Each structure stands twice: as C-alpha cells, then as structure tokens.
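For reference, chains read A, B, C and D in written order, and residue numbers begin at 1 within each chain.
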Amino acid sequence: MADLKARIATRVAKELKDGDVVNLGIGLPTKVANYLPGDVHIILQSENGIMGMGPAAEEGKEDVDIINAGAQYVTINIGAMYFDSATSFGIIRGGHVDATVLGALQVDKHGNLANWIVPGKMVSGMGGAMDLVVGAKKVIISMLHTQKGAHKILDECTLPYTAIKVVDMIVTEMGVMEVTDEGIVLKELHPDFTLDEIKEATGCRLIISPDLKPMED
Amino acid sequence: MADLKARIATRVAKELKDGDVVNLGIGLPTKVANYLPGDVHIILQSENGIMGMGPAAEEGKEDVDIINAGAQYVTINIGAMYFDSATSFGIIRGGHVDATVLGALQVDKHGNLANWIVPGKMVSGMGGAMDLVVGAKKVIISMLHTQKGAHKILDECTLPYTAIKVVDMIVTEMGVMEVTDEGIVLKELHPDFTLDEIKEATGCRLIISPDLKPMED
Amino acid sequence: MKNKIMTAEEAIAGIKDGSSIMVGGFMACGTPEILIDALVEKGAKDLTIICNDAGVPGRGVGKLITSGQVKTLIASHVGLNPEVAQRMNTEDPREKLECILVPQGTLAERIRAYGAGLGGFLTPTGVGTIVAEGKQVINAGGKDYLLEEPLKADFALLRGSVTDKFGNTTYNGTTRTFNPMMATAADYVIVGACEIVEIGDIDPNNVVTSGIFVDAIVGGEKPWQI
Amino acid sequence: MKNKIMTAEEAIAGIKDGSSIMVGGFMACGTPEILIDALVEKGAKDLTIICNDAGVPGRGVGKLITSGQVKTLIASHVGLNPEVAQRMNTEDPREKLECILVPQGTLAERIRAYGAGLGGFLTPTGVGTIVAEGKQVINAGGKDYLLEEPLKADFALLRGSVTDKFGNTTYNGTTRTFNPMMATAADYVIVGACEIVEIGDIDPNNVVTSGIFVDAIVGGEKPWQI
C-alpha cells in the first residue's frame, strides 16, 4: 500500500512545473512534494494562510503559530507570506493556483467530483475543497483506483458532488487518466495491470488513448 | 464669507462626538477639524487609505508617500494605519464611519443629494462620494444656503443624484436643518436671519421645529 | 480615549443565551482561548457559533461543544472533532447540535461582505451541489454563480498577536485566518491579545485590524503549549 | 527561479495598441512613473486605462492623457486634470477620450472581485442614480443593491515601495490604494519598485502583494519630487 501511494505521488509530481503554485490536500496528496524532480521547485499554498509553505516542523522546533490546513506544525520557505482567509480564497477562486491535488470518494466521466460527504455516515464538511476544485487551473485527483473493490470512477457520482465538471486528471496505482468532453481517456497504464484489469476496476467506459504509454514508478 | 464658513464648520463640529470615525470632504468640510471642542478627539478617515489622519504636513516636511483624498500632503496621528482602497471602502460602505461631512450642489426634502455632476458643464466624477453618503452612519451637508441666490435646498433635486434618501442634516450659514420623513425641519436659526429670510432662501417647505433654537457662532 | 482593556469576564459580560458569536482561528490556531475559557465559565447557552471549524476536543471552539453551550454551529469543517457528529446525531434535544456547513472561501467572503456593506456576492463555488439548495443561481458572463449572503454576529472573539491600547492589531503566522474579517462583521468585538503595546508601537504600514473595530482588549492570551 | 528583474522597456514590451492597463495610485501617489514614462516613450495607442483618477498634467496617468494614447479611461474622478474634459469634448476623433466614471468603492471592489474569482457583488452604492443605468437591481434583505461586474485588464502597472526579487511587495503610506487589487486582476503584472531587496528580506507577516502575482520587476522608481 505504501508503495502504491508512493507510485501515485511520484506520477502526480511529474505534472507539476517549476514555479507552479500548488495546493496539496491532506493525506496522499501531501506526499507529492516529496517526489518532485530536483530542478522543479513549486510554491505551496496552504488555504489557512500561507504562500510558500515548507516541510513539516521538526519535533521540538514547532512554532505554534504556524500550521497547515491539516493542523500540523509546518515551516515556511524563504520568500513566503501569510494572509487572511478571504485573501487566501481570493487566490484560490481567482485562478491563481496552478494545480490542486486531492483525493476523491468518487469521480465520474463528466469530471464531477464527490469527496466531502457520505450522507448518514461521514460528517466532516467540505472545508476548502469546493473552492479549490472550482478555482485551481488544474485539478488532479490522486487516489487508489477502487475502494475495497468498489468502483470510484463512475458514469455518474452517486454521492453528493463537491463540484461539477472540474476534474482534469486522475492518477491511481493502475494508471493515468484525463477527463475530456468525450469521457475518461486512459493515457498511461501501469505494467502491473492489464487493460482488462483496469477496465474492470473502472465503473465507466475507458477511452484508450491511441498513444497509450506505460505508467512509470 | 470666511466668517460664514467658520460659522458652518463650528456648528458641524458640535455634531461630532469623542472617538467618532469621520470622513471630511474637500473644502469647507475639511475645516471642521479645526473647530472641535478641546475634549473631543475624532479619528479622521481618508478614503485613499488612512485611519487616523493628522493635520496638513508643514512645508518642507512633506512625506511624498502620504497624501489625503484631496492630494494634499498630510501627516498621521499616533495609532494611525494605512490600507488599500478595497479595505477603505469596506470601512465606508460597511457603516464603520460614524459621520461624513460633504458639500452639495442640491439637497431635497427626501434627503436626496446631488453633488457630483452638472451635465454638460462640470465633468469631475463622483470619487468616493457615492459610497460615503450611502455608507456613513450620519451624512451632514455643510454648505452656503444658496448659490448666488439660487435655491440649493429643494423639493426635488434637478441635477443627477449622488444618492437617494441619505442626508441626515444640513448646516448652512442661516441655520441647522434635519431631514425627516415629514420633510426638512429647521432646528436652529442664526440670529442674523429671520424666519422669513430662511424660508425665502429655501426651495421647499421648511417645517419649523417646536423648540427652534438660535444657531450659535 | 475610552479604556478598552478589561478582564475576560468583563469583556464577555454582554454575551447572553442565544447570542451569535464569531470565533477566529483555524483548528484553534488563532482562536482566543482565554475568551473561550471565560465563556465556558459563564455558561451562556444556545449559542450560535460561527467559526472555520469545530476545533478539537479541549481546544478552541471544541470546549464550547463539550460544554453543550452551542445550539448552532456554522463552519466549513468539523471532521477533526468527533464530538460534533455525536451531538448532531443525539436524540436528546438538550444536547442536539445543528451544524450548517459552508465552503471555507464562501464563509470567509460572507463575513467580509457584511463588514464591507455588500448585499452579497456571486461565487462559482457550490454550483450544482447541495450547497446551492435554496440559493439563487445567477448567470454572469456566461457562467453560473451562486448568490451568497453576508453574515454577521452579535460578538466576535479574536486572537491578536500584538494589540495596541486603541485596538490596532497584528496576527502572527497562520493565526490570521478569519480574524480580520470577523473584526468588521460583529456588533461587539473582543481581542484576546498575546501582547498589549502602547499606541504607536505598531508600524502604521503593518497594522492589519484597525482599532476602530475593537471594543474590548483582554491581555494574557498565551501560545498553545504543544 | 525565473529572473523577473528587467528594464522598463522590456517589462512593457507586450503592451500593444488597444491594450487595457490598470495603473495603481491615487492622484499619482502610488503610480509607477518610470513605467508610465516608458509607455509614453513606446507610444502604444488606443489604450484603455483603468485608474482611480486621471492624475494631473505631467504626472501619473496625466502623462498618457497629454500624449493622446488613451482611448478609454475608467476612473472615479478626473476633476483635477482639466485636460480630460478638453479631450472628452473635442470634435477631433483622433483626440477624443471616452471617460467611464465609476464610484471609487465600486471600482476597487470590481477589480478585487475579478482577482478573487467572484462573478460580481451587490453594492448599495449608486442605487437610484445614473450609475444604475443598465444594471440589474437586486433586492436582498429588504434593501436594493446594484449588481456590479468584475473588472480585469491585460496589464497592471504597480508601484512598490519595497519589492523582493520574487515580487513580494509592500507599499508605504498612502501609495497602497489600488495596487494590491490590481496585482490580482491583470494578465501581466509589472511592479515599478523604489527598492529591490533579496528574497526573505521582507517579514512574511508584512508582505502585502505576493510575488506569485508579479511577472516583472523594474527598479529605479523614485519618490516624487515636490
């Protein structure tokens, strides 16, 4: 499992360009920062008010006034700045974040996303997710392809939407997919899986890209 | 004339309470700050980005980065702060300015105000006036009662409005008036004038307050 | 000038059963614990709390959830405080918590809108989701937006890093969050200050919240101990 | 990291006839004169200029009015530059200036709205006046508001007091004005900086405009000489 998450994070990291402003969701997406190529330096935005967030704070060296959106003590990089939440979401909604990476409960072929509520079960709240996926220039979903065998990539989401028509790309342990007007296009397939396996693990038709490539670890 | 303006400014100054946040328009209104009683300290807001503006800068001691909304070099008082124009007008529109004092071309019995444009003649622009009169808790018009004999206080403004139903009080060299739902009520009459004189100088019916007082210099 | 410095007890004296209260901070970073503690001590009930989140048990707004003083919580995220779900699902009407979830950017902007005298704003956030229910959808420039309303409260409890005696305030690091907008959107604004300085000690270029918004200053707010 | 420091000529190279340009400042206090000078030198015509005001002749946007490069001026106040009225009233179509007057608070908020991804906002300013002509009136909470639209531009010319090499910027005194909002609302943002410092030299708590908004930095902006 740890390896699969590393694989996903590694692949997502390749989508980010030097100088990009990026917001990484809690969990798997956060790991993306660890897999950037050496010549790529991104600027991490944290929606609780940082542009230029650095790595987690070392134990014993935490500044209690500096946390990330996951409530962990973090550091800032040189050239960082702090701002209030209205400014932060102005940056997010205004299209000034180049990419956001988030997990999902469900994604569908229209690019609709569900990742914030399971009615009757999970009461958590959307936090900044609804703004992020509507505002960021590129929305990358990083997740395991299925949830204990159940499909997560669907014809239509069955859970309440986080937003409609926002997802650009899906990266899982099985492959890399792009959401297009025609549906979900498989661009890369990981050598651990066959085309039939990824089709079976997907709840909607997968359009196979004419230049399908292997997904690298 | 100078005496008349001093009279008006002196009377307006009495309307301001210690600690009030006040925006003073260019010209006559600016003089109000010079006539405050010694125990009244107001906080001047300048819409170009100052809370806590001080007096004009002494010649030779100007800081070119600090001007007021009339483009004059000014100083700031201790405890002042600077902000951007969106923040400034948030303060203004949001009802955080206790009083604004402005001149007028025309005011009518409904409290409508015209002070920004004379079609075909004066092209100047509303600047911050439209926001100020809509947002400030109390709108005080300070002006000479007539314009070369022509009425300025009317049944209905004939010039384009700055805003509708916003004027609370009118202070002229002849008297002090309040705008009410019933019309314009004369509260104070300056001893230099008779009731007939002020009525004649006014283009709408004046309701005479049952406890009409003399206006002091 | 009016003295604004007082004890926490004095500052919150006006809070009554049923009051609406904005609380600054994000996962309690930027929340004035001394004011929360005083409010728990006072015990005012049926409060409407407006805060980014529910804090965690024992910290920030979490303390008010535990004490059962909150009737309605307006927040963007409550997942890190398991007590919220428990109280939302309880059958006991005295313990019942109503939770209204608002996207974080919309929450921040609604508070700003009230403070800035705007009647609302058009946001793309929430279009096509359950957040849109009951809201007007307005098409502008070929794109759909939700019309969101301004949000105000009776009180705001803020955490200042440095506050002068007039109330001019700065916020350190990520303690800023919702504090500056809340300062503009409540009838009575209280700052729990880590450090109180003389008027003029803060550079006028660096003040974030103007003292004109601040009604009461309470000293003694401390950094959270890890 | 990409080098953003360049000459004024290089920075404005992309400005063409017909470009729309936001210019920071208030009566030229906070306007980058070195960038205006370079634009006069370049001579691009039929420009749409968005600025609080028209400056004064010989200063700020006033220089572009004099040079006849402005086709449309969107501003809140033009009264201190008599040339504006002359050019608005001229019969010569090559000299003709169109002037669109916008209330100052509405202008600031429209620029902010674009930068913040909002589709518009409801303001009480202008209701019942000629400013309301052609605009939707929306009643919210029993009060009438105008629906105002976001405003963007191709370029923004800003004046920074201190700018680091990434573009993080602070503004001294009343030079701030429209600069921070304009930084967020134009495709290409140029800062004329009074002082350029190393990255990290500005306290992260005091940065006003993030370097992410800044495409080009031009040094050598000087305080106006009285």
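Just so we're on the same page, a residue touches a chain if its C-beta (ideal position, glycine included) is under 8 Å from a C-beta of that chain, and two chains touch if they have at least 3 such contacts.
Since we're looking at a predicted model, the values are computed, not measured.
Student: Which pair, B-C or A-C, has more C-beta contacts?
Tutor: Ranking B-C and A-C by C-beta contacts puts A-C first.
Student: When the C-alpha atoms of chain B and chain C are each averaged to a single point, how far apart are the two points in Å?
Tutor: Centres of chain B and chain C (C-alpha means) sit 35 Å apart.
Student: Which integer distance in Å separates the CA centroid of chain B from that of chain D?
Tutor: Taking the average C-alpha coordinate of chain B and of chain D, the gap between them is 29 Å.
Student: So how far apart, in whole Å, are chain C and chain D when each is placed at the average of its C-alpha atoms?
Tutor: 33
Student: Of all the residues in chain C, which ones touch at least 2 other chains?
Tutor: 109, 112, 116-118, 123-124, 171-173, 204-205
Student: At least two partner chains per residue is the criterion; list those residues in chain A.
Tutor: Where chain A meets two or more other chains at a single residue, that happens at 82-83, 86, 89, 92-93, 134-135.
Student: Could you list each pair of chains that touch one another?
Tutor: A-C, A-D, B-C, B-D, C-D
Student: For chain A, which residues count as touching chain D in their complex?
Tutor: Its residues touching chain D are 18-19, 21, 41, 43, 51-52, 76, 78-83, 86, 89-96, 134-135.
Student: In the complex, go through chain D and note every residue touching chain C.
Tutor: Interface residues on chain D, with respect to chain C: 109, 113, 116-124, 138, 140-141, 143, 145, 147, 149, 170-173, 204-206.
Student: Can you tell me which positions in chain D touch chain A when the two form their complex?
Tutor: Residues 1-2, 112, 114-118, 164, 166, 168, 184, 199-200, 202, 204-205, 207, 210-213.
Student: Which residues, counting only chain A, touch chain C once they are in their complex?
Tutor: 46-50, 62-69, 71, 73, 82-86, 88-89, 92-93, 112, 122-131, 134-135, 160-165
Student: Using the touch definition from the top, list the residues of chain D that touch chain B in their complex.
Tutor: The contact residues of chain D facing chain B are 26-27, 29, 52-53, 56, 75-80, 84-85, 88, 99, 101, 103-109, 111-112, 123-131, 161, 171-181, 208, 223-226.
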